[in-house]
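Next come two complexes built around subunit A: one with subunit B, the other with subunit C.
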Partner chain A sequence: MNQPVESIAEQKSVYLRDFEHAPARDGEPEWLTALRRRGIEAFERRGFPHSKEESWRKTRLSQVANTHYTVQPAAGEASVLAGYRPAVEAGPCLVFLDGRFDAERSRWAELPAGVTAAPLSELDGAAATAVENHLGTLAPVDEHPFAALNTAFVQDVMVIHAARGSLSETPISVVFASSDSEEQAVYPRLLVVVESGAELRVVEQHVGGGANYLSCPVTELVAADGAILDYYRVQEPGDAARQLGTVSTRAGKDAAVRMHTLAAGGQLSRTDIYADLDGTGADVELNGLYLTEGRQFCDHHTWVSHNTEHTTSRQVFKGVLDGRSETVFDGLVKVAEGAQKTDAQQENRNLLMSKMALAHSNPRLEIYADDVKCSHGSTTGQLDKEALFYLRSRGVGPADAKSMLVFAFANEMLEPIKVSGLHDYERGLLFRRLPGDETVREVV
Partner chain B sequence: MSATTKTLEEVTTRDYEAGFVTDIEQDTVPPGLNEDVIRFISAKKNEPEWLLEWRLKAYRNWLNMPHPTWANVNYPPIDFQAISYFSAPKSDDDRPKSLDDIDPKIKETYDKLGIPLYEQEMLAGVAVDAVFDSVSVATSYKEKLAEKGIIFCSMSEAVENHPELVQKYLGTVVPHNDNFFAALNSAVFTDGSFVYIPKGVRCPMELSTYFRINAANTGQFERTLIVAEEGSHVSYLEGCTAPKRDENQLHAAVVELVALDDAEIKYSTVQNWYPGDENGVGGIYNFVTKRGLCQGRNSKISWTQVETGSAITWKYPSCVLRGDNSVGEFYSVAVTRGYQQADTGTKMIHMGKNTRSTIVSKGISAGHGQQSYRGLVRIAPTAENARNYSQCDSMLMSDTCGAHTFPYIDCQNPSAQMEHEATTSKIGEDQIFYCKQRGISEEDAVSLIVNGFCKDVFRTLPMEFAVEAQKLMEITLEDSVG
Partner chain C sequence: MALLEIENLHAAIDGTEILKGINLTLNTGEVHAIMGPNGSGKSTLAKVLAGDEAYEVTQGSIRYNGQDLLDMDPEIRAREGMFLGFQYPVEIPGVSNTYFLKAAVNAIRKHRGQDEMDAMEFLQLIRERAKTVKLEDTLLQRPVNEGFSGGEKKRNEVFQMAVLEPVLAILDETDSGLDIDALRTVAEGVNAMRSAERGFLVITHYQRLLNYIVPDHVHVLLGGKVVKSGGKELAKELEQSGYAMFGEQAA
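Coming up: the complex of A and B.
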């Protein structure tokens, strides 16, 4: 864990060399080339985080820094996509393999009026301008080394744009898949712009095979004044995968961003969620569920900034930990000076299913205004013995009773999902983790 | 301007001058820190060889330690070479001549607290040659304690008279390389208190540093060690409610508590050092490492602190719950006003089975005060059925102050139950209105609400202390609202 500084510096230079020797990208707009340059320069300055850095202290990065992950010249074979069904049946679904748009595997359905969804390489018009104005403005390129790497090496950018006043209930799905190539680096990138008064639903999914690969997804969500964005993220990276990603959002005046994440799978996964509440009346909701087992490491960092008056945020993160897995929830609510009447809530609940699982929970508040309502709560524990006894006394077997209680604990996070197909899909993921899933399926 | 308002540099320069003024050269060392200074301190105090070695080990470790930056406080870098690490007690010429020489604000506070005049003079460090009542009181207490076999003396006396006890326990709870300031303290500590309660003895009175205050100038690097043998019980009070004048700006104390089987230690602190003037100039830096080890079964350590002074407080009284069924408690009220900064909290490390810990932290911020609660609750895999309850509430009394909460909760045993709750609030206009319409003045209403807010903590203080603390709170927060 305590990697010598020199070897980390060595790893850093490998990526700098890769950048210099990257094949020429013909026809790429100048602003994008400049953005890439900004990314690699930020990475050069920042380097890999040191294990003594407070916000990276618990993330075992040596696994990542010790391997040289490279971008493959072309998309590889993806066993994970054979017979793969996306989480959501309805609406368009765009598939990216190894960061490159895969038109063949994508499902084209009619886009709702006013909504554009396409890779940057096939974009022009108003949406293309929106990309230039927004790409890289929200992602923490300067602070987060993996967001910087993504910015430097991104292959193609998935863009979803909802024009002013457009309303759509049909979800737009994006699937980022990784192929079976060993030690490859993938840099998925998603930009969602919801113009003022528009309403949009987006589902982002990450899947991968059994290879040891590094994925650094970066997502930027812009919600202009009065916009409503429902964003769902399902992370199922492969068993040996390391995924280090960021999701950043900015909510304008009276805008609402509701984020829902589910993390399962991956050897090491870390998601940094940044939310800036910039307009009065902005409302952000962050819900997350993480299911870990084996030797998985799963980390969620949230950075919620209330930058102006009358803004509200609510975070609930729940974890079910099994095996020797380790999870981190580190949430920060920051109320800026003058951001009066802020209402911020934060909650983290961890359920330990095994003796060797380890849950870290750091719910943090930084408050520089006095007329605010802020609270946070954190609990960690095992299943309630009395509840188990109650079920057992009514003839429910031990495995079934356990499953029912875990389901009840985790299902709370799935209830608010508004996309019906996704709701069932995530339930399915949860069922797979329960010892007596058949009975529970029947009961609920 | 009183001596206390001077900055670190001014103070240290004066120390430096004093070094030349003093007639006996060996009584002081010039500012700066190196192995010779440590050897000098050790020799001066007639310390045994092992203690010198220990100090030097700490010093060598300290040299390789970076100055910690993780705390949520801001202050200019400290020049450790500008501090004089050993100086003889101040001669009367350096002290304020009378109470008229000290900051009138402090004098005002003394009067409000109802402190007798001679005690005021003593607290302000005024040179007086009258014999205080408390000295004779202390002597009679000492006799009573000796009867029970209790050792209560300064650290230097303990090193001289009970070296085997000191050697056995010193550094066992806070190792010499624990953290930057603890390492510095281990290298250069000059004095402090030593308490030893023999097996089965219940200390008949509250032990207080207050009785020792004029007996020995404990200095800025204080080291306290309290050992409670099997089945013993002790309650220890540190500090007092009256604001205390001090020449040194940097304070890096270390407190170690050891509780063996069935022993109980209750450690209460009221800290009210000079916080700097209204512009945030001057004031004490209070960087303290306090840790208790519940080594035995069924042992209990309870920390209670009321922190109202110091420009910067950096303090985390902690409990290591190693014995089965041991209990750790932390109750804290911290007030920051003016430009005060406090980063304080606790660590509860659960290792034994059925260990329990309670954390109640109340923070009050006013003016430009910045306050952080930083706490760790760690449940080791061996801590079956551990239980923790944490509550940290903050109250904000102006729109320029800040209240922050950084709890760390690491749980490695599924049978553990842990809860953490935090709230942030301000005194509601409706609450004030309610009081006022019932004929309670605004000032009284504020004090009523604040004392209600802190009640959970004050309740755990020894009776007299609690009354004083309440009074202190009223005075501290006067004119803070409105």
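Coming up: the complex of A and C.
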């Protein structure tokens, strides 16, 4: 451009400065240091997305770009964790506060042979090797500025590893909590590796208090050949929080990854989900429910790539929008050349509870093979007036009638949840958003 | 005191007047039939009685049990004992028939100062009532009307009526689209509920239904007005000569 060369040379982001002045990480393996450097270099190269970039056009980032969010020297006070009970009562639950492992708040439970769940800081053996092999291989470090920042500044990594053929029916829970510190940056990181023929259930939860913080969670899910992974993600960032994260998965031959997300809360939240179906017979399911109100902005971008033959993907995202909230669903299904017999479905449905709410829906297909079955659909509308009248004509009050219809709309997304406790927990989140009194809770 | 008193009722939808001065009085214990060709205003009358906000009452009054009906919201009308069997029952995906009815029953009981029904008692009630209209148990668990056949939808309406035990039941073309067996079943369900404490307003296009539900009074609706009222023999008369006999009045 026409800026003098000198001034470009001086244009160093505050994040690079933070990176250079970060305290020494004694004993950190070299590969991790190298990965961090890759992260900060990628961010420095890329910077925050410009408002004209197609995939970031609707995500208003000026507030994020103009605030200097910093990693706190130590975990702060976490009002959100006072009296907090994790969604799932069975199995281990590892708690991270401000990106740091919190042993005291974590709950331990025995795991089956071959299954490991621990922070990288306390890890050794086969699982540690798996981390070195996989961390940063799925996340879009070079393209996604927030994944890059996470990679540069990550405090600790939650690692879940299921060795070949192992099986854990008990879900493994991870809670990433943010403290009350203002303008802090939090970089939660989760790596799940399910080796050949293994099966795992993982629940990842994000919670935060009322502070204005930036959270950039990055999750990588590796499902090797014949692996089965049920992954649940519950996002409840604090009211003033900005959460911008990525979830990436790669499914090998005959592997199945079933992803279920619930997004509620946060001033601004965006989750970019990348799924690569790399092996024949790979099957990926993405289910998402988002509940927004007030002036919340909630964005889901999905990038599902069918890279080989006989792969299947199913996506259903549903939103319930109230107040002046705004949501984005932008989903790309890409079928690579030669990926014959691909079966891909994508659906986005939005229910507007208020006239001021706004839902953007942009399902996209890019197909480079000729023998495939792909479909996508998108609907946005208000509650069915005829159905409301029908319910009222039977004696059900208007608020309860609305509640029943909203519940019915959203509950479809909760029904497939296989983890007991989590199902009730998510229903609870949904109930809080229903306008009626107790009636619906009692009858459904 | 009459159960339902309609006086000079005018109603419009989207600015078009459909009902042009209806007068009708129905006493408890009576079954009235309203007959008329398509477009005569039968369904509009039913929807106005049930409180559909899509319709605007421009003139006239309706008294129900001595109260001003037009002052009541649809759910209050239902809680006060009014029931509308829809001509086109609405499908509500995701809401099970049972849950929906339980919410309705309890809302009505609460309004009447009664305790809520416990789960066992309620299940017993709906099973028993489902039998009276030969509605299969499996349909009770299904989402309201979703994937029901036309006949199942209509039976579901009569089933709901049997559970809710209304004081005034309005049946809007409950017979349309039913084969003779289904028609008989529906009629039996209605007849089993006839009593001195209950009134029925049966809206139909065809005389056929009235062979099974024999009315006390028949009104002919044409062009938004009741053009003739009489006993059950009026229905037979219509069957033979058709609505053409009112042609001039209709125009």
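By our rule, the second predicted complex is superposed on the first by the 431 of 444 C-alpha atoms of A that agree within 3 Å, B and C clash if a C-alpha of one lies under 4 Å from a C-alpha of the other, contacts with A are read in each partner's own complex, and residues count from 1 in each chain.
Please note the rule applied: a contact is a pair of C-beta atoms (placed from the backbone, for glycine too) under 8 Å apart; a residue touches a chain by one contact, two chains touch by 3 or more.
This is a predicted model, so every value here is computed, not measured.
**Student:** Based on the superposed arrangement, let me know which partner A:386 touches: subunit B (first), subunit C (second), both, or neither?
**Tutor:** In the superposed model, A:386 contacts subunit C only, not subunit B.
**Student:** Between subunit C and subunit B, which one touches more residues of subunit A when both complexes sit on the common chain A?
**Tutor:** Greater contact footprint in residues on subunit A: B.
**Student:** Once the shared chain is lined up, is A:404 touching subunit B (first), subunit C (second), both, or neither of them?
**Tutor:** second
**Student:** Determine, under the contact definition given at the top, whether A:368 touches first (subunit B), second (subunit C), both, or neither.
**Tutor:** In the superposition, A:368 contacts subunit B only.
**Student:** So, does A:394 touch the first partner subunit B, the second partner subunit C, both, or neither?
**Tutor:** After superposing on A, A:394 lies in contact with subunit C but is clear of subunit B.
**Student:** Check whether A:340 is in contact with subunit B, with subunit C, with both or with neither, and answer first, second, both or neither.
**Tutor:** first
**Student:** For A:412, is the partner it touches subunit B (first), subunit C (second), both, or none of the two (neither)?
**Tutor:** After superposition on chain A, A:412 lies in contact with subunit C alone.
**Student:** Tell me, which parts of subunit A touch subunit C in their complex?
**Tutor:** By the definition above, subunit A touches subunit C via 384-387, 389-398, 400-401, 404-405, 407-409, 411-412, 439-440, 442-444.
**Student:** If we count contacts the way the header does, which residues on subunit C are in touch with subunit A in the complex?
**Tutor:** Touching subunit A: residues 50-54, 73-75, 77-79, 83-84, 86, 89-95, 99-108, 111, 143-144, 160, 164 of subunit C.
**Student:** Okay, in this complex, where on subunit B does subunit A touch?
**Tutor:** So the residues of subunit B in touch with subunit A come to 70, 72, 379, 381, 394, 396-426.
**Student:** Can you tell me which positions in subunit A touch subunit B when the two form their complex?
**Tutor:** Subunit A residues touching subunit B: 54, 337-338, 340, 350, 352-382.
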